[in-house]
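After this come two complexes, each holding chain A, first together with chain B and then together with chain C.
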Partner chain A sequence: MEDLLGYGLLTFATLALPSLGLCLAIKVTKYFNLTYGDVITAGAFLALLFNLSFGLNLVWALIISMALTALLGVILHKVIFKPLMDMGVGPLTLLVVSLGAGFIIRNLILIGWGPQPYQFAIPLARAKHFGPFFLTPNQIIIILVCLLVAAGIFLMLRYTQLGRLMRATSDNPELSEIRGISIERVYVYTWIIACALAAMGGIFMGILGTIKSGMGIGVLVTIFACLIVGGIDNPYGAVFGALIIAFAMEATAIWLSPPYKMLTAYLLMVIILLVKPSGLLGGEKIQWKYFLGFLRSRQS
Partner chain B sequence: MEIFSWILTIATIVAIYSIMGLALNIQFGYTNLPNFGIAGFFAVGAYASAILTAPHRFREMEIFAGFPGGIPGRVEAPFIIGLLVAIVLAAFVAFLIGIPLLRLREDYLAVASIGIAEAIHYIALNELWLTTGSAGIRLIPMPTGNRYLFFLLVLLLLAIAFWVAQRFYHAPVGRVWRGVREDELITSSLGKSVFSARMWAWVVGCAMMGAAGSLWAHYAMAIQPGEFVPTTTFLVWIFVIVGGLRNNWGILIGAVLIIGFFEQGTRFLPDLGAPYIMPALRLIIIGLALILFIRFRPQGAIPERARAIEEHI
Partner chain C sequence: MRKLSIIFLVALFIGVFSFVQPVTAADPIPLGLLLPYTGDWAWVGAGADPGGELAVQEINADESLWPIGRPIKLYKGDTETKSKPAIEAARKLYDVNKVVGIVGPSSASVRSVIPLSKEAGAVEISPTAGTTKLDVIGGGIDGEHIYRTVSSDVVMTAGMVYYAMKTFKPKKAATFTADTEGSRSIYGGVVDACKVVNLPLVAEIEFPTNQASYRAELKKLFKKKPPVIFWEANPETDATIFKQWYEMGLGGQWIGSDFANRTSAKAALPASEGAIGVNPGVLENERTKNWEQRLNKISGKSGVTPFSPNTYDATIIFALAIECGKSASRSSIVNNVRKVAQPPGVKVYNYADGIKALRAGKDINYEGIAGTQDWNKYGDPVTYLKVEVMTTKDPSGMKRIGTVTPDDITDIIAGVLKLRAERAKQ
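What follows is the complex of A and B.
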């Protein structure tokens, strides 16, 4: 039980920030961006570059990597997605294009670093008892930083001008534009925040495990599971979904079999899609009719 | 003679991929169902066929390799049983998955189907008693004995798949599918069930992917979970988009161009220092081609033919 609490919180800490970032990006830009998984990888590898190759402290590497990854996100948006959005293509086309862009980033990383896994240069630490948890100090710091950053994003969304602009743009882009908001600027700020969060999540994954060129695409589907479980248009839902998925995954690992962690996440996603497609904290109430909807549609 | 055998290899692979391209065209081109789980259904077909037809000798090898009890359920069935079971099983899995997924909006469906393919990949990787995990299944028999005849067999199945795809395009049910693609509301107001139209297109397409998987297993004679990753899905998507979505001839040409000349044709170039660099470069260029095509020629090399109203009646 203690294991579950500790590992669950750790998995939550790696999933929560990328989920939150992707949720903001989807909420504002209105399409699913599959490049995001590889942006996570890029963030982790940028930090690795500064940490291992240039010998910087991991904290500085994290800050520099977040800035550079945010820049990468803005470049991706300006070069690839903005021209297509101006052409007026649908969200599905943007999704396909983002898959292609993700392949480009992933394979560039593969050429640069090769297929083997890497680890950050951090001193090994012994796990200690902190109340009910049995964790290393690094892991405690990761969990605390994750909670603080998530809280900061929520406060930003609620109380700052930028947060209001983002919420207004996501609610009604046309009206926001008429009221004088530069939507393009809101998109850019959203990508900066989303990609900085992706880098942070990727680095946390690297601290807790290893870094590989294929790590992002695997984690991306889990992140989508978090978003769908929590409610794709609700930032609180993204973090809540990450909590549920993280604990479900770790419970599977402890009591069933570790390789089936991912399957649990996908299964939860499918169940939520059946029962309440808008997610647990999403728009409407639970629609139980979806359970038998298929049979009914055959009869009609 | 060597070059001839090389061309034969490429042609067989292109033909197998073309079947998957035609299947994706039925799902996405006709009915607007973005299936990003192609690799999953490909894997279902490949594993179904491989498990049914792999020889008994294989079991002893696995006992030797440390799987006590071997792999149950090996029946050494003939190829045709393997192919049929692959098709039926892929269709059945597609049907089960379709019940929750086909109610979703297109982009949700795309994301959820990636998850399904990954789930199938994890099952293939971890259910050792069934699939032997990452060791893969070897010694799958090639039904015709020689590669020339097998190529003819693949061509025959490609011709059938092409005929099925063309037939569905012109048949009344295909018209309903295209109606669903253009406007679900109008289609349902004409008394057609949108869900059942989507389900039929989904199941037919996935069954064809299963058939392609079976052919792949028998052609390669050995399969392992690492082949059924999102890259496979991505390759099918790219040649369907480059060749011309919604036009079956365009898809064949796209498969020859992307899979034949680019993906397989560059296989014997020198590997710039490390074995992973060439494949990575290839995927980077294919990704760029995808983005540029969608940006500058979204209808593909050969677009869908606009048809006069009289042709519909």
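What follows is the complex of A and C.
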């Protein structure tokens, strides 16, 4: 049980922030963006660049990487997705385009860094007992930072002007626009937050394991599982889904068989889609809205 | 109208003859090199490739020693470490490039390509496929002319267990292998070799590759504190495994296969300090030292890259088989490939001596860089194994600490084969 608690929380720490970021992006922009997996990778590699090549402390590398990854998100939105949205293309087209954009990012990373794995320049450390946890100091810091950042995002959504604008835009973009809200500005802020969270998630994955070119796209399916289990357009649901999926995967590895841990994640996703399509913390059958969006787009 | 017909006929004549060019004496002989240049095992392709390039450079160096008076030209195909791209690449090599045979591919796709080679009536010599699935097929049996210049994993795993027993004298051990065909082949070999030497396995863990966490798997692995762990994964996975193993302070001596190499060391060090790899290698002598220097000029790297000696040997054997049969046809190579690599011919240690002996009317037995390359009835050799340790003290990440010769492991191999034969009867 002690192992499950520690390993479950570590896996949660790598999934929670990217899940939260993608949830915000989907909630506000109303389409699935498959580039997000490669944005996670880009964030990790940018931090690696500043940490390894420029010799910066990992904290500074993380901050700079988050800023640059946020900028990458804005560029992707302005150059690729906004023009397409202005043209009135449907969510299915945006999904396919995002797949292509992700492919370009992944291959640029592959050209620059090659297929081999990398590690941040941080000293190895042995795990110690911290209460019920047997973890390294870095791992404890990552879990705490993850919880603090998630809490910060929730507070921002609830109590700040930006949070209110984001919620209003996601609930009814047309009405928000009539009321004078700049939807475009909200989209940009959403991408900044989502991509900064992606970078943070990628860096956490790199600190806990390794950094490689396909890391983001590999974890994207698990992130989708977290969103569907928790509720695709509920930020609390995204974090809760990450918690459920992380613990389910680690429990499978500990008590059943390690090769089945991904199967558990997908199985949970399918069960939730069949039993409670809105997700455990979702409102109405909101998840189907997105799938119906694809269907409508296909029909038109 | 008549004028037009004449012009048309002349054009047709020129057109036809410009496409159907006769093979001239100095036309290069096309030979396929089918390796995983990308994908999970890209390091295999990157390591093996310079061996093929060096062999072709040496074959083509002296015009008077070209096989049947023609140089060799390599056509390369990428398997992407998957079956489907491997089949497509092999199809292109046979149908478009008209290669006379293929050097390659690796365990990940070798069985997928065999039917194509059989259909093409061509020889396929794999320099990297250690998979035990090839142990009872090939060598020309049932028209499947698949040979290897790398040992079966039975040999490598026998070497891993032999070295563990000789050096660490463990009372128990464990296996930690990925859920891929290559790793399962290693796992099967280790399990059987441990049975032969009466080494009990207290944990046998299989895991998916490229995961973010292996903590639960490692915890399970070390539950009964095995002093020796036989493992195989890939460099990406090794990096994560060793980092988390170090953090958890679990101890134990890791012994890996051909996947415990420089690429893996580069990814996993410093956490993997002390992990051992027992894998195909060359003897340490003057001949191989010279060969290594020649290889380094091609590869631009120091040391012997993984599987480069095996790829070199496979390419040389093709060239010698062409000269032996006085033809570059696929059927001639099929008939002569064994003749140049097997006893009782006169032993030759390089391509030039081999060609000269063949032209003097002698039978030859090519003794390769990677081993004697004397094939059994299934076309499998027993090659040398080198023992290396991962260390930050060596710039390459690996330091050679020993050699396992075929003589060292004969008994274990015989025991494993006996076990497998008994199992097959049941």
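Convention: the second predicted complex is superposed on the first by the 283 of 300 C-alpha atoms of A that agree within 3 Å, B and C clash if a C-alpha of one lies under 4 Å from a C-alpha of the other, contacts with A are read in each partner's own complex, and residues count from 1 in each chain.
Here is the rule we go by: contacts are C-beta pairs under 8 Å (C-beta built on N, C-alpha and C of every residue); 3 or more make two chains touch, one makes a residue touch a chain.
Nothing here was measured: the structure is a model prediction, and the numbers come from that model.
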Superposed partners chain B and chain C on chain A - clash or fit: clash
Dominant toucher of chain A (residue count), chain B or chain C: B
First, second, both or neither for A:T93, with chain B first and chain C second: first
Partner chain in contact with A:D171 - chain B first, chain C second, else both or neither: neither
Which of chain B and chain C A:M262 touches, first, second, both or neither: both
Touched partner set for A:F103, first chain B, second chain C, both or neither: first
Touching partner for A:G218 - first (chain B), second (chain C), both, neither: both
Touched partner set for A:L273, first chain B, second chain C, both or neither: first
First, second, both or neither for A:L84, with chain B first and chain C second: first
Which superposed partner A:I111 touches (first chain B, second chain C, both, neither): first
Touching partner for A:A127 - first (chain B), second (chain C), both, neither: second
Chain A residues contacted in one complex by chain B, in the other by chain C: 115, 218, 257, 259, 262
Contact footprint of chain A on chain B as seen in their complex: 34, 36, 99-101, 103-104, 106-108, 110-112, 114-116, 118-119, 122-123, 125-126, 193, 195-196, 230-231, 234, 237-238, 241, 274, 276-277, 280-281, 283-284, 286-288, 290-291, 294-295, 298
Residues of chain A that touch chain C when the two form their complex: 3, 6-7, 10-11, 14, 115-119, 124-127, 134, 136, 139, 205, 208-210, 212, 214-215, 218-219, 250, 253-254, 257-259, 261-262
Chain B partner contacts - residues on chain A that touch it in the complex: 31-32, 34, 80, 83-84, 87, 89, 91-93, 95-97, 99-104, 107-108, 110-111, 114-115, 217-218, 221, 224-225, 228, 257, 259-260, 262-263, 266-267, 269-270, 273-274, 277, 290, 293-294, 297-298, 300
Chain C to chain A touching residues, read off their complex: 38, 42, 179, 205-208, 210-217, 219-220, 235-236, 239-240, 243-244, 246-249, 263, 266-267, 270-271
